[in-house]
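For reference, the structures are reproduced in the following blocks.
First chain A sits with chain B, and in the next complex the same chain sits with chain C.
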Partner chain A sequence: MTKQTLLRVENLHTEFRTLFGVVKAVRGISFEISPGETIGIVGESGCGKSVTGLSILNLIPNPPGLITQGSIWWEKEDLLKIPRKQWLDIRGNKISMIFQDPMSSLNPVLTIRTQMKEILQYHTQKTAVEIEAECISLLNKVRIRKPKEVLSQYPHQLSGGMRQRIMIAIAIACHPDLIIADEPTTSLDVTVQAQMIDLLRDIQVRTNTAILLITHNLAVVAGMCQRVLVFYAGKIVEDSAIDDLFAHPLHPYTMGLLKAVPRLTSLDEEPLATIPGSPPDLIALPTGCTFHPRCQFAMQICAIEEPTLQTVKGRKVACWLYDPRNPGRLAE
Partner chain B sequence: MALATYLIRKFIYIVIVVLTVATLTFIMAHAIPGGPFTREKPLPPAVKKNIEARYNLDKPVLFQYFDYMKNLIRLDLGPSFRYEALTVNDIIRQKFPISAVLGFVAIIIALILGIAAGTISALYPHRWQDSLFMFLALLGVSIPSFILATFLMYVVGFKLGWFPVAGWGSPAHIVLPAFTLAAYPMAFIAKTIRTNMLEVLNQDYIKVARAKGLPERIVLTRHAIKNAILPVITYLGPLVASVFTGSFLVESIFAIPGLGKYFVSSIYDRDYTVIMGVTIFYCVLLVGLNFLVDISYTFVDPRIRIVKQND
Partner chain C sequence: MTPILEVKELTKIFHVSANPFLPFATKPIPAVNHVSFSVMKGDTLGIVGETGCGKSTLGRLIVKLYPSTSGDIILDGIPITRLSESEFRPMRKKIQMIFQDPYLSLDPRMTAGEIIGESYKIHNMAGQTKELCTLEAEMMQLVGLSSEQLNRYPHEFSGGQRQRIGLARALAVGAEIIICDEPVSALDVSIQAQIINLFTDIQDRLTLTYLFISHDLSMVKYISTYVAVMYLGRFVEMASRDELFAHPIHPYTQMLLQAVPEPDPVKERAKKHVIWTELAESQPSPCSFFPRCKRADQSCHQGLPRLMDVGSGHQVACWKS
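For the complex of A and B:
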């Protein structure tokens, strides 16, 4: 199978220069997405997953944010080197984005029609009549009833679930090759979350769009993704196929994440497992492996040198436990 | 239906406000020592008595009050004591257009330059553009209009000779007084817009608009400015009030024959009917404009409408 690449992120570094110091949000991320593939990015708050998504679309607010290193390859072009004008052709058209909070993602003073129409106006040659028809068909696709009425409404007249459906409709309007979904279900009710996941999966099957799903919800990842990138403190610590990750997590952090998922079968008295400690301060990172202060397997080397991503049985993990230089390394 | 009750309620409110203002003005005008016919050289008692009888000034104050209110309801503001040939209605009809033109130009200047300066400041926060405009805004809110007026008259009018120093008649005459009047609201608007704009530019929907691939021009004009302008619309009522009351002073300084100048001189003259007539006129004008602002707010912010319907 010749695997072509849709998007390749190489050694991406993004930082924010604040009054308190330089926040190193993303510290050398590399990954690839193939057409039609769904990749999940999981990690705690502040691990750099959202910043990675925003960096791909060059939406990092500058100042204070700045992409300091790396490249983002898209159709043989480095997106970080193209002129501003060309960006406008990519955003919303080739790569679109769905954001976390549908309550604040729609402009309160504009009708849904205005907010849907504009993306088609700028990226297609369609006439006004065609655009109107397209908006209605898009709303049908995201299963919104009475689309004609909804088009004339304002965001405050719609529920959170409906607003997120509209955001999805806007994201798929121009048939993008890649959708970056940044926590698309986080602020919704559980039942609505399930509907959104169904919807996204359905759209993906029909259109073969690649999706980069950013979330901290492992259930969402399990339901949608083929591959998962586990982020910790701005780096990928594990990159694995979905089934392998759930069956045999390699990185101690991934193990902790999986253990911390509450289960219906657990007994009432059993406390929920947590990862001890808290996410590291991105201004003053720990030496060596950034996870070592919280890691139950930490060795001497872990506090001295940061491990690199190593391929272990077709998966990638950044942990000294699996490093070939470690004489007592784990086979798996 | 809801709108009808809202309008009726608003109308009753306006009537109460106007009657209260009329009463208070009546009391205050009559409380000032002296009267319209008090002169340094007293009039012969017989003449004075005749005149006072003609204007009902010899009657009890309470009678004068009800007499005035009766005429007020018929929209008759009475004759001027000082300018015998003119009624107060005539004075307002002749002089208000001048004040209105001046005020209108000042408001337009304040809105256009204020919004532009505030937006530019927000787009380049803490850079030189921002520092420059915010320094000017600080001057604008802190320099009293009579100082700014004399400064503009001296530097721009007299030294540079770009615009006439005072008077009325040509468009060039409007520039300096309008700018003087506009300075404070312009500075206030610029500061408000800057703050709002900075907040709005951080909102998710701006990020979404950019993620759609819209040009920055559209992101600003369609998505950002409309949201940033909302609080300025609330300010339009007080803005109009400050421009009109400010014009009393500015018209006197620039020798503009507008209603403001008449109002000021009517107080010196104890021209009761003019004092009251002009006060009531401005009162109705301001309450009415505030009412329009209330209504216009619902057009800009769709969220307001729902609240009223549910009310």
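For the complex of A and C:
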């Protein structure tokens, strides 16, 4: 490896022990992020993408959740082994998170000032006056007009877009090296979503922060990320550079996802291509490849053994169509 | 040919109090403001707009879930706005609704069969229990579920399957117009396509008319014959689907279309979004879009822009067109 690595996740397993059985939300995920890189995690609900984000910050509620295996390397330290006290120095300071729902992730009974000040008071040695000035400059950075007035307001007085900007302002307050953005634009209108994407891109260019963008919307990933990880049933099924993924998706699931979205620019009247069936039950996963019951290319072996991530032309894909162990694989 | 549904100058004003201690100090909020349109049988009118533009309120007004403040709704040639509930009930069969959230819109204590059969019973259409059972089974098969699932409860179904039950419930009483209020926005991408294909398939088979309310422009483009763009309670642009997406005229429509991200990295990276900030201190204008409009100038103060035909049925409410 010539590239410097910021965060390396190795063979992460997270499960939830419920009354109905063990929900295997994340089943052996490995990836790494370099400084300044933007990686997208795409997948449907229940594919483990949010759980991965929460696992990195050790925010999985325990019980019922438990990280059973794996390691998360950050600055030569395994984040899963450090003491609780050391976490306080990392969360919000070195790795911060933007949560999906700006309505429920800001405290409704505290003013914006109190919520923004908290992180700066904890992680910096600034005086009260300096913190106030910092808050205002942060709000300017996320392009909020009249920052002084907004500081004294409560979350319910602001629109969804404004609240999400405040979440972003809090996330970038301590100049983190990595921001985990969990569906940052999902509950927003398209116009506001476009603003948020611009804002995140802009912040990244200026501060060289790495971003892990978790979303179900492939189009949001297209404009922002350099690399995309496609998740299905708790595993990475495809790991590819952005242009290759959209031009030539390898995994049948990725192909299906790309075809299932209607595009604004196309004028055809063809029915939408669908992926039959529905996402698998994480308590009782199908045997072999978890995607095989919905896959149009399914072979005999798909139902027997789970494929592993294989490198194909510099990209990684977990599918028997490309596995060298499969004699009937597609010619490269 | 007369339109199956015609809406004339429909208005709904909510009276909202900003202060919980002064509940009677209300402020009128026009959620739907002088909206007019007509839909032909078998067509789909897509209604797009941002959160809070009044598109859901419009849908609910048309099925009379809210009383309208003024204006007329004409269903199959009969004005229904001022009909009482008992007078309207026989007509309600024709116009049904599918709601956004498939988890909240089905009663968790009723089985799929009971949910589908309930409206049928309410409209006194049911004969014997046997007949009802056959109908329920038929409906389940029509929407791609099996009749063995009739005795299951909503929690046993996935989101996509529940939305299918919602459609079956609307079709059971022989609906001709279905108002779909964001029917797929709560579903996963791979399931959305299944449901949308089901909608278009059933529309072709039964010549249904849809009012498709959504904030997803690509989806509206896919399913609609006509599209109306709504902004703060008013229609600002209305045209046939191809015309609207090929030649958007209203600055708001252009802004919306530009904001939609596309699954194409090359295009997306090249896109330079404009950060739209509202010019709050600008002088008040009769046009509600004025504060966000980049084409705005003095001519926008001459009064409220009305929907004007600019040729081939393309209507725009903007002084600059």
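One rule holds in what follows: the second predicted complex is superposed on the first by the 325 of 332 C-alpha atoms of A that agree within 3 Å, B and C clash if a C-alpha of one lies under 4 Å from a C-alpha of the other, contacts with A are read in each partner's own complex, and residues count from 1 in each chain.
Operating definition for what follows: a contact is a pair of C-beta atoms (placed from the backbone, for glycine too) under 8 Å apart; a residue touches a chain by one contact, two chains touch by 3 or more.
Every value quoted in this text rests on a predicted model; they were computed, and no experiment measured them.
Output check: A:Y122 vs chain B and chain C. Expected answer is one of first, second, both, neither. What do you get?
A:Y122: touches chain B, not chain C.
So which one touches more of the residues on chain A, chain B or chain C?
Greater contact footprint in residues on chain A: C.
Could you look at A:L282 and tell me whether it touches chain B, chain C, both or neither (first, second, both, neither)?
neither
Report for A:V150: first if it touches chain B alone, second if chain C alone, otherwise both or neither.
After superposing on A, A:V150 lies clear of both chain B and chain C.
Quick one: classify A:A222 as touching chain B (first), chain C (second), both or neither.
The second partner, chain C, only.
Check the residue A:D101 against both partner chains and state whether it touches chain B (first), chain C (second), both, or neither.
first
For A:W87, is the partner it touches chain B (first), chain C (second), both, or none of the two (neither)?
The answer is first: A:W87 touches chain B but not chain C.
Which residues of chain A touch chain B in their complex?
54, 57, 59, 61, 87-93, 96-97, 99, 101, 104-111, 114, 118-119, 122-123, 154, 156-157, 167, 170
For the complex, give me every residue of chain C touching chain A.
50-51, 158, 160-161, 188-194, 196-197, 200-201, 215, 217-219, 221-222, 242, 245, 255-269, 271, 273, 275-277, 280
Which of the residues in chain B come into contact with chain A in the complex?
Listed in rising order, the residues are 202-205, 207-215, 218, 222-223, 226-227, 230, 300-303, 306.
Show which residues of chain A lie in contact with chain C when the two form their complex.
Spelled out, the residues of chain A in touch with chain C are 44-45, 143, 145, 160, 189-191, 193-195, 197-199, 216-220, 222-224, 242-243, 246, 256-258, 260-265, 267, 271-276, 278-279.
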